[in-house]
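Same chain, two partners: chain A is paired with chain B first, then with chain C.
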Partner chain A sequence: MDYTNQIREIAARLFSENKIDVFVGYRMTGFDENQVPVLIRDPKEVPRLVFNDKSVFNLTNYLKHEHTRGKRVGLVVKGCDSRSLQLLLTESQVKRDRLYVVGIACEGVVDDAGQKYQNCQECVFPDAVVFDEMLGTPKGNGQYQVNADIRELASKDLVERRAYFEEVFENCIRCNACRHSCPMCYCAKCCIDQESSTLYNGANTTSAAFHALMTWSLHLAGRCVDCRNCEKACPSHLPLHLLHKWNEQVIYENFQEHLAGVHEGDRGAFYKYSLQDPDDFIM
Partner chain B sequence: MARVGVFVCFCGANIADFVDVPAVVEEAKRIREVKFAIHYKYMCSDPGQQQIRDAIVQHRLTSIVVAACSPRMHEKTFRKALSDAGMNPYLLEVANIREHSSWVHQKDKKAATEKAADLVRMAVAKSIANEQLHEISVPVTKRALVIGGGIAGIQAALDIADARIPVVLVEKSPSIGGKMAQLDETFPTLDCSQCILTPKMVDVASHPYIELIPYSEVIELDGFVGNYKAKIRKKASYVNFKTCTGCGACWQKCPVKVPNEYNMGLDKRKAIYTPFPQAVPNKPVIDATHCTMLLKGKCGICSKVCEKGSIDYTMKDEIIEREIGAVVVATGYDLWDPKPYEEYGVGRFKDIITSLEFERMVSANGPTNGVPVRPSDGKVPKNVVFIKCIGSRDEAKGIEYCSKICCMYTTKHTILLHHKVPGSHSYVFYMDIRAAGKGYEEFVKKAQVDTAATYLRGRVSKIYKKGDKLMVRGEDAQIGQVVEVEADMVVLATAVIPNKDNPDLARLLGVSYDKYGYMSEAHPKLRPVETAKAGIFLAGCTQAPKDIPDTVSQASACAAKVCGLFSGDTMKKDPMISTVNNEYCSGCQNCVKVCPYGAIVTEEVPMGHGSKEMRTVAKINEGVCQGCGSCVAICRSMAITLAGFTDPQIINEIVSI
Partner chain C sequence: MEAAVNNQLVSIEKPEIVAPPDWQPVIIGILCNWCSYAGSDLTGTSRIQYPPNIRIIRVPCSSRVDPWFLIKSLQTTADGVLVSGCHPGDCHYISGNYYARRRFLVTKKLLHFTGFHENRIQFSWVSAAEGPKFAKVVAKVTEDIKKLGPLHLYKKENFEK
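On to the complex of A and B.
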């Protein structure tokens, strides 16, 4: 999967046709094989753009960047990224007419060892669901399967699970990189940072981290698209995907097989009511 | 430093028998902020309230906790006591130690006392974070909407309009009148239904304060008490009512014949029709599902014969809006379809009819000019069997409740048969005779003597055909034997069921309804005409089966409620409503989606101070907001607060126990 040339062509064309102010893509880090996001505002810099199976990050996170807000933006999205974009559109965070979306029929991205990431192996929607232009051949949707990690987690009882997470979250340094890297965390001021929120005090204790991460995961329940930006950003290498995958699985099973960002206008299980909703877990 | 006063009520024996009230007071005194705590036999009584007022002044209290019954009962009473003592009434917290403790834990006094003490602790903690709030006043639109133009709707509309309040009366069918217009004579006085109803119908049409919108349906209701906005769909009638004179040339010439709903399908009407001769408004409408001009584009006879040129085949449904302050729902009833009574041969034997079909037959303007006839051969029946409780009081096939009116109208039918068919005889199979009402029992007794009808207490098990007669086999429980009656015709007193559109309408209006589909009143005894949604009232069979006198009384009661609501120019509203902190709002509009009252809209605000770039934030219409808190719960940014239930208040409550 290498669309470097196509993306350079598209970006150059968009700039020459004056359709965009900024193009969000990937560039090489310059010191290793990895890539980092880049915001191209000058057409001369278009040749810096690359795209291949090392283009791991979800670029929709950059739609809340000060250089893209309110601007006309060109953007590269893989399958999972496009679902974030769909949700951002649904939640009125970006305007569709200001975007030019280059969708990728993604074949999965790889880590440093050349291994496909776990979420790419289990990917249900590899093709971009929102796009103006599609690169690659669409493969069609896969079948949702419960993640092996979640199956293992579910085999534990409540006490064990809590003990496990308390142990894991002990390593959280509350840097909030997970939040900053998440495309769906766009609040003007996060509830965790608000002065009045005595519950999530700034203390760097396990209980405060536990509380903050749990709140965060619930705010993303039914909205997380499993792009794993958070996990890649976490300096403590916390298995943050467990929180999201757990919620995803619960919602998938209980709320009409809902998966985030697949359908236009679908805000997720928390925000709609259906007579088919189960109520057996409500006391 | 907060200074809280705690007032614990005995509620006579209601609380004191199951909760150790003095112990609760002692517990309350141990809380640091509580500067004053007492108990009293009836806190809601005047001396009880006086103690609160005195304590506020003497002990310089900053908030008050009353531990008593549900705030639904006396929150207003105690708030008033606070304002009388010069304190902001919203500094009151009520700890419900009756419904939430003494009544539900009658077997364990110790646990009930502990729970009561906990509830008091929570209320004290919450009250410390209470803020001074002020009532909001919202303007009232003094116009009422009445949905349904049966006798209930007509009566409510007339009574409201007589108080010089404009009324919008929306009726689904082409004419008002409802079920009562189909009746012949009415129990227990046997006065002619049409004769007492049609003058009222004409009054509605001519009343200067009533806007009659026939052949229309309410499709949307937005807003809140005093300020509703209703969307009404005027169905296309294909007749211009402004120019139509109601001459009748069109329906006389129309070639299409359709079963007549007004006569229960016993005869035919035309595709362009007025439902019945006394219809109000007396203008025809075209039934689009049968008119060949509208279906196939051929015919057009009515248009040719109409001298005024009132026929307009291109007419479309029209949506109109009305601003209103209150709604009276009077959608009436339907009759239960007796098909499940297969053993009676319902559907197979033509001479088994329902009571409303019988009513149409004996009616002077009915399909048979007032003489009951057998649908099979047109002969006048001599022996008629009436079977009551068809569907009513039948858990297996129908519904559990008693339809209330069948005993009386069946009695009436025996009299009508006796009058119209000399030498006829009525047999009545019944379970009980329920004749509670003024003059009802006397009516039944007199009818039994006058008509000499045979009353058989028991259920019918089977009806079968023998020649052209129907053999009705049932039990006479009083002699304990199976009896068989040879009948020319059988009349089934089918159960009253709610209007089939009730659940949809209830959801549209935002009021609750029961398992049968009747809309629910706010309180079965003390608030029988109000719904739980302020400004929406119920009249007639919308709420439960009723006879005409009860329906009319309830309709007038609705009118009194509407007039009371509209007695002032503005309405006071509790200040427990949500507010948005623009700084925190991210504009995701989830609150807009979850708000059940449509109280949240969006507005554009500058991105930052002095910035030209705009961003979208939520904005709450304080008149519409009912303070349910859905938006607060859904807001991830915690940008919304609900006055009276702020985060500090709730967290205080949680932390206190």
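On to the complex of A and C.
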């Protein structure tokens, strides 16, 4: 999967036709094989753009960036990124007519060791769902399967799970990189930063980390698209996907909801209800 | 299932925590204004006895209950939480409890997944006419949580010195 040349051509064409002000893509870091996002505002810089298996980050996160707000933006999205873009459009965070979306029929991205990421191995929607132009051959939807880590952890007993998660929350340093890297976290003032909530004062405690991560994952329940920007950003390498994948699985199994961001206008499981929802856990 | 080691009541999540002999659970009850709160009022005016372990908070509707409330309750003093609202179809705001029902299920499952016993968080539908049912619900929740022992997970005071 290497669309570097096509993306450079598209970006150059969009700038020459004066269709965009900013192009959001990937560039090489300059010191290793990895890539970082780049905002191209000058057509002369277009040759810096690249796209291949190492283009791991979700660029829709940059739609809340100061240099893209209110501008006409060109954007590269893979399958998972396009779902978060679909949700941002549904939640009225970005305007579709200001975007030019280059969709990718994604074949999965790889980590430093050359291994495909877990979410790419399990990917259900590899093709972009929102696009103006598609690169690659669409493969169609995959079959939803329960995450392997979830299956393993759910089979353990209560005390083991408690011990496992206590360690996870202990290792959190409350840097909030997960929140900042999440494309679905766009609130100008986050509830977990509220000064009135005394639980967060003193910040760096297991208790506060538990509260912050649980609140965060519940705000993303039914909206998380499993791009794993949070995990890639986490300096402590916390398994944050466990919380999101668990919520996704509960919602998928109990409410028969589609995965987040697949359909236009679908705001997620918590914005609607069905009379047939499970009721057996309520006295 | 009772969490006991050598005839001493221990916390089910952390068996190394032993409950003091006179330990009584603290339960936060979050009740909707229109049904369950009126139901609990009826329990009182009908002179029906129920365990005094429950501390009641009144909210406008069960969909007012943010999962945050449950997390914060469990993190501060509570050993368990009871959330109660109108029966499905009876909501004063037409559909509030349907939205709440989805949120409760996800919250309960997530807390259970991260290591809380599922009986720590309980839900019930109690209408304004069901005074005896409210007493039964509180008795059952108290009974359940007495078996689980004290909750010592992510407590705020354990970390703030």
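Convention: the second predicted complex is superposed on the first by the 271 of 283 C-alpha atoms of A that agree within 3 Å, B and C clash if a C-alpha of one lies under 4 Å from a C-alpha of the other, contacts with A are read in each partner's own complex, and residues count from 1 in each chain.
Please note the rule applied: a residue touches a chain if its C-beta (ideal position, glycine included) is under 8 Å from a C-beta of that chain, and two chains touch if they have at least 3 such contacts.
From a predicted model like this one, the values you see are computed outputs, not experimental measurements.
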Does the chain A-based superposition show chain B and chain C clashing or fitting?
clash
First (chain B), second (chain C), both or neither: which does A:R162 touch?
second
Chain A residues touched by each partner, larger count belonging to chain B or chain C
C
Between chain B (first) and chain C (second), which, if any, makes contact with A:Y252: first, second, both or neither?
neither
Applying the touch criterion given at the start, work out whether A:Y144 contacts chain B, chain C, both or neither, answering first, second, both or neither.
neither
Of the two partner chains, chain B (first) and chain C (second), which one does A:M214 touch, if any: first, second, both, or neither?
second
Considering only the touch criterion stated at the top, classify A:F270 as touching first (chain B), second (chain C), both, or neither.
both
Touch test for A:P278: chain B only (first), chain C only (second), both, or neither?
second
Choose the clashing stretch of chain B with respect to chain C from the list 94-102, 202-210, 364-372 or 436-444.
94-102
Across the two complexes, what residues of chain A are contacted by chain B and by chain C?
191, 199, 270
Interface residues, chain C side, partner chain A - complex:
12-15, 67-68, 71-72, 75, 88, 95, 98-99, 101-111, 113-117, 122-125, 137, 140, 153-156, 158-160
Where on chain A is chain B touching in the complex?
69-70, 91-93, 186-191, 194, 196-199, 219, 267, 270-272
Provide the residue numbers of chain B that touch chain A in the complex, in ascending order.
583-590, 593-594, 607, 613, 616, 634, 636-639, 647-648, 651
Inside the complex, what are the residues of chain A that reach chain C?
153-154, 158-159, 161-166, 169, 191, 199, 202, 205-208, 210-211, 214-215, 217-218, 221-222, 243, 246-247, 250-251, 254-255, 269-270, 273-275, 277-279, 281-283
